[in-house]
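Both of the next two complexes hold subunit A, though its partner changes from subunit B to subunit C.
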Partner chain A sequence: MTHLIAVYRQQLKTAIAEQLQYRAALVIWLIEVALGPAVSISVWSTVARNEGGEVNGYNPSGFAAYFIATMLVNYATQTWVFWEFSRRVREGEFSPLLLRPVHPIHADIAQHLAYKILMLPVIGLVTLLLWLAFHAGFTPSPASLATFLPALLLAFALRFTLEWTLALLAFWLTQVNVINQLYVVVVLFLSGQLLPLSFLPAPLQAITAWLPFQWMVAFPAQLLSTGLSSQAVVTGFLAQLLWLLLGLGLLNLTWRRGLKRYTAVGG
Partner chain B sequence: MRTYLRLLWTFFRISILGELAYRASFWLQIAESLIDLGTALAFVSVVFSSTRALNGWSADELLTLIGVYFLIGGTINMIIMPGMNRLIEQVRQGTLDYVLTRPADAQLLVSIQQIDVWKLLDVVLGMALLVGAMLWHGGLPGPFQLLAFALTLLAGAVIIYSFVLFLATLSFWYVRMENILVIFESMYEAGRWPVDIYPGWLRAILTFVVPVAFAVTVPAEALTARLTWLVLAGTLLLAALALLASRLFWRFAIRYYSGASA
Partner chain C sequence: MTAATAVNVTHLRKVYRVYEREAGLGAALRALFRRQMQEIVGVDNLTFTIEAGEIIGFLGPNGAGKTTTLKMLAGLLYPSAGDVRVLGYVPWRRERAFLRQIALVMGQRQQLIWDIPVIDSFELNRAIYRIPPAQYRHMLDELADLLDLAPLLHKPVRNLSLGERMKCEIAGSLLHRPQVLFLDEPTIGLDIVMQRRIRDFIREYNHRTGATVLLTSHYMADVEALCRRVILIHHGTMLFDGDLTRLVERFSPYKTIIVRLQEPADLRPYGEVLSQNEDQVSLRVPKSAVARITARLLTDLPVLDLSVEDPPIEAVIEQIFTQEEVV
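Showing the complex of A and B:
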């Protein structure tokens, strides 16, 4: 365990140093990250105003709170491994990673954490600006606010596990971009990023109940923006744990099979 | 003028020939464009299941707007962006020298030098969506509206072109301009909705800092009969001014350019 902690410390240090080279990218990221919620809030606030101030229990400041919360959760849980993996496999970059005495997933986790730590001031600034510009109204109870952080951590673990597994598809397929793009769209709609899930048509809502996506974004976001009943909180945590266990099993299986298929090219 | 059209066609043909070697990417591009379009349509349908009009825009009118968004976006990504990205690269590496020595107008050459043929798909999809939305709305609009649409579409494209050229020309002084183009591309995404739904500050940015409003909302307004003469005249005037200003700026920058390769 202490060994692993040392590995993480070193990985974090290198990853932060690496990322600091690309400071201009931070500004781009700031605009990209702020624009999405700003557009969503504007669209749905307009809908609410057209419908007499409220739809489905959301008024403009409720929408603002919801979309700021999803932005925060999305920032905390987002990964981009599945965009990098196909290059890693194709160009043989994977071979040196495999030679190291630790599982390569740890390097990826550390890299993501480093990025998120670096982005923290940016995301804080964006949150503040959006909050003021759209008069967001957060109304969670202290109890559901207290459950927010554990839910966020589980959401990150779940999303990371699933997306790392998805990334492993690159062992079998050479062209994964379309699959990745489809995945991103599905997550956009079914995780609650684009709209509160109660706005989806009924059949889709029924499907989302059986999928892991809402536990990655919508669940923590609702804990932060409006709060949830204690029953919903318990259901949420159970679902997160269950999906996480399933995901870990799937990851293990795919990883072992993928490794057998992997034959390094170049490197 | 005819020489320039022939030049454009030549560049286009070269790009097609180059791309035909990679036929698999045709299908990938189709899939990508369709996913993009499907996402936009799904979002619109969800929004309109909660309301009947978005700030006065009905569902078919909003589809018109999305059609314009794809049409203009496809054009930008097909001709303008690839050329400008390459220009920035050429300035950095000093290979712009070879362009400048060619016996044709350098601004024109850099503007059409690189064409991403596959983005033609977005243009076609956008047009199909436009026609579909108009049929749903109940037939083609009148000749005046069509004329206003054509004019504002052209003006919007010219404004965007001038703006991007202006940004790319800045690379004569600042080396890291490709990042600015990425910002422009992500700001363009806000154009899939009419700018009048945004709060004042954001609308101002999308109108005057990143002129997405002129490229998408104004042509869509022309087609859905909500454009006033004043806005039409203003848009055309702005397009002419923008083109002139970017041209002058380009000329000025070229004189400043001293070549890095030699």
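Showing the complex of A and C:
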């Protein structure tokens, strides 16, 4: 355990040093990250005003709070392991990782954490600007707010586990990016990033409840923006935990089979 | 297997399955529905043992199965049949205790992180391999000294030349003092000076740490300088395993006679003239005829000087790989 902590510390230092090399990218990322919520908030606020001030219980400042919250959760949980894996497998960068006496997933987790730590001031600035510009109204109860952080951590663990597992498909498919495109669209709609899930048709809502995506983004985002009933909080945590367990099982299985395949055909 | 055995390979075999198709759109479409599969034997029935502390040269033309074998020994590939033990471990289980004791350096693969200074990648390896601080400092100083790394350590990897990067790759792979070192073409693409530098370094590392080294190279100079023993493979099977000097004796049916004459003469009747400049002539003659031809030369011609040599190892190996029926 102390060894793993030492590895993480060094990985974090390395990854931060590495990403500090790309300062220009930070600025572009700032624009990209702010643009999505800004557009969504503007569009839905206009709709709300035309509908007499409210749509499905959301007024303009409610929309602002919801989209800022999803932006924050998305920032915290988002990964780019798909791109990493397809490059690694195609360009033979995977072999050096396998020769290290540490599971490669740790390097990836550290890399993602480093990026998120580095981006913290950026996302803070974007949040503040959007909050002021759109008069966001956050209305969670203190209890709801207290559950936000654990829900966010679980959401990251869940999303990272599932996306790392999917990225492992690169062992079988040379072009895993196609699956990534499809996945991005599904996540955009079903995680609550594009619009609150209560806007989806009832049958689709019923289906999403059984899928992992809303527990990765919408659940923590709602805890932060409006708060949830204690029953919904319990359901949310249960769903996150179950999906995380299932995801870890899948990851383990896929990792072992993928590795077997990789070491059969050669990297 | 004795305690002094570092590598033990028995009846090792690796078969690759590859999908093949002919050129053209039609073939590409047909391949969507029915793919032609072909089995390619990468390595077949290799058996050898390496004692701890040996430096072995692994020779063979491109596609002979050298890299495939190295990858199986390092645990990156699992074999189709046969058995491998490295330091008593089964490599493809990749147990941590095993990985901490080996290193595989491949020419084109990078373990160094591209955008940050070399020393940061080294620090990462220190944590990953749990190298105690004192040992790390000591090893880093030693490597920096042997490979002249001091001016490179604080430069980003992307700013290094190919040779500088190779030196750093090798150094990074050795920080944890591996007991077994697999080197795949460590000097490829490097100039003569750098090649010699790396060669000297490998010898020194072996000498200082007693590590076992298995290296492949296209440059015979590497092999001649470092390895007493070589393993020759071709089409995945073993052609020779033994002393470098015995290789020449066994495979070359010729010797070279070098004669210096008082006055130029036509030596074509005595053997194949390899080169002739002014009064010095190199003749290639069958081994069995060396004594007879030497005697004839000495009686027929005004010879100033005469010597008999083995052909260069490079030429012998080239000849082995071009004439497959040799064995």
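Here, the second predicted complex is superposed on the first by the 262 of 267 C-alpha atoms of A that agree within 3 Å, B and C clash if a C-alpha of one lies under 4 Å from a C-alpha of the other, contacts with A are read in each partner's own complex, and residues count from 1 in each chain.
Criterion: a residue touches a chain if its C-beta (ideal position, glycine included) is under 8 Å from a C-beta of that chain, and two chains touch if they have at least 3 such contacts.
Bear in mind that the values here come from a model prediction, so they are computed numbers and not experimental data.
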Could you look at A:95 and tell me whether it touches subunit B, subunit C, both or neither (first, second, both, neither)? second
By residue count, is subunit A touched more by subunit B or by subunit C? B
For A:143, using the defined touch cut-off, is the partner it touches subunit B, subunit C, both, or neither? Pick first, second, both or neither. neither
Can A:134 be said to touch subunit B (first), subunit C (second), both, or neither? first
Just subunit B (first), just subunit C (second), both, or neither: which does A:207 touch? neither
Touching partner for A:13 - first (subunit B), second (subunit C), both, neither: second
On the A-aligned overlay, A:177 touches which partner chain: subunit B = first, subunit C = second, or both, or neither? first
Quick one: classify A:35 as touching subunit B (first), subunit C (second), both or neither. first
Complex contact set, residues of subunit C against subunit A: 16-17, 68, 71, 74-78, 92, 94, 96-97, 99-100, 102-104, 106, 108-111, 113, 115-117, 120-121, 123-124, 126-130, 156
Show me the residue ranges of subunit B that touch subunit A in the complex, using the header's touch definition. 24, 28, 31-32, 35, 38-39, 42-43, 46-47, 49-55, 176, 179, 182-183, 186-187, 189-190, 193, 197-199, 201-202
Would you pull the subunit A residues touching subunit B in the complex into a rising list? 24-25, 27-28, 31-32, 35, 38-39, 42-44, 46-47, 50-51, 55-56, 133-134, 175, 177-178, 181-182, 185, 188-189, 194-195, 199-201
In their shared complex, at which residues does subunit A touch subunit C? 3, 6-7, 9-11, 13-14, 17-18, 21, 92-93, 95-96, 98-102, 260, 263-267
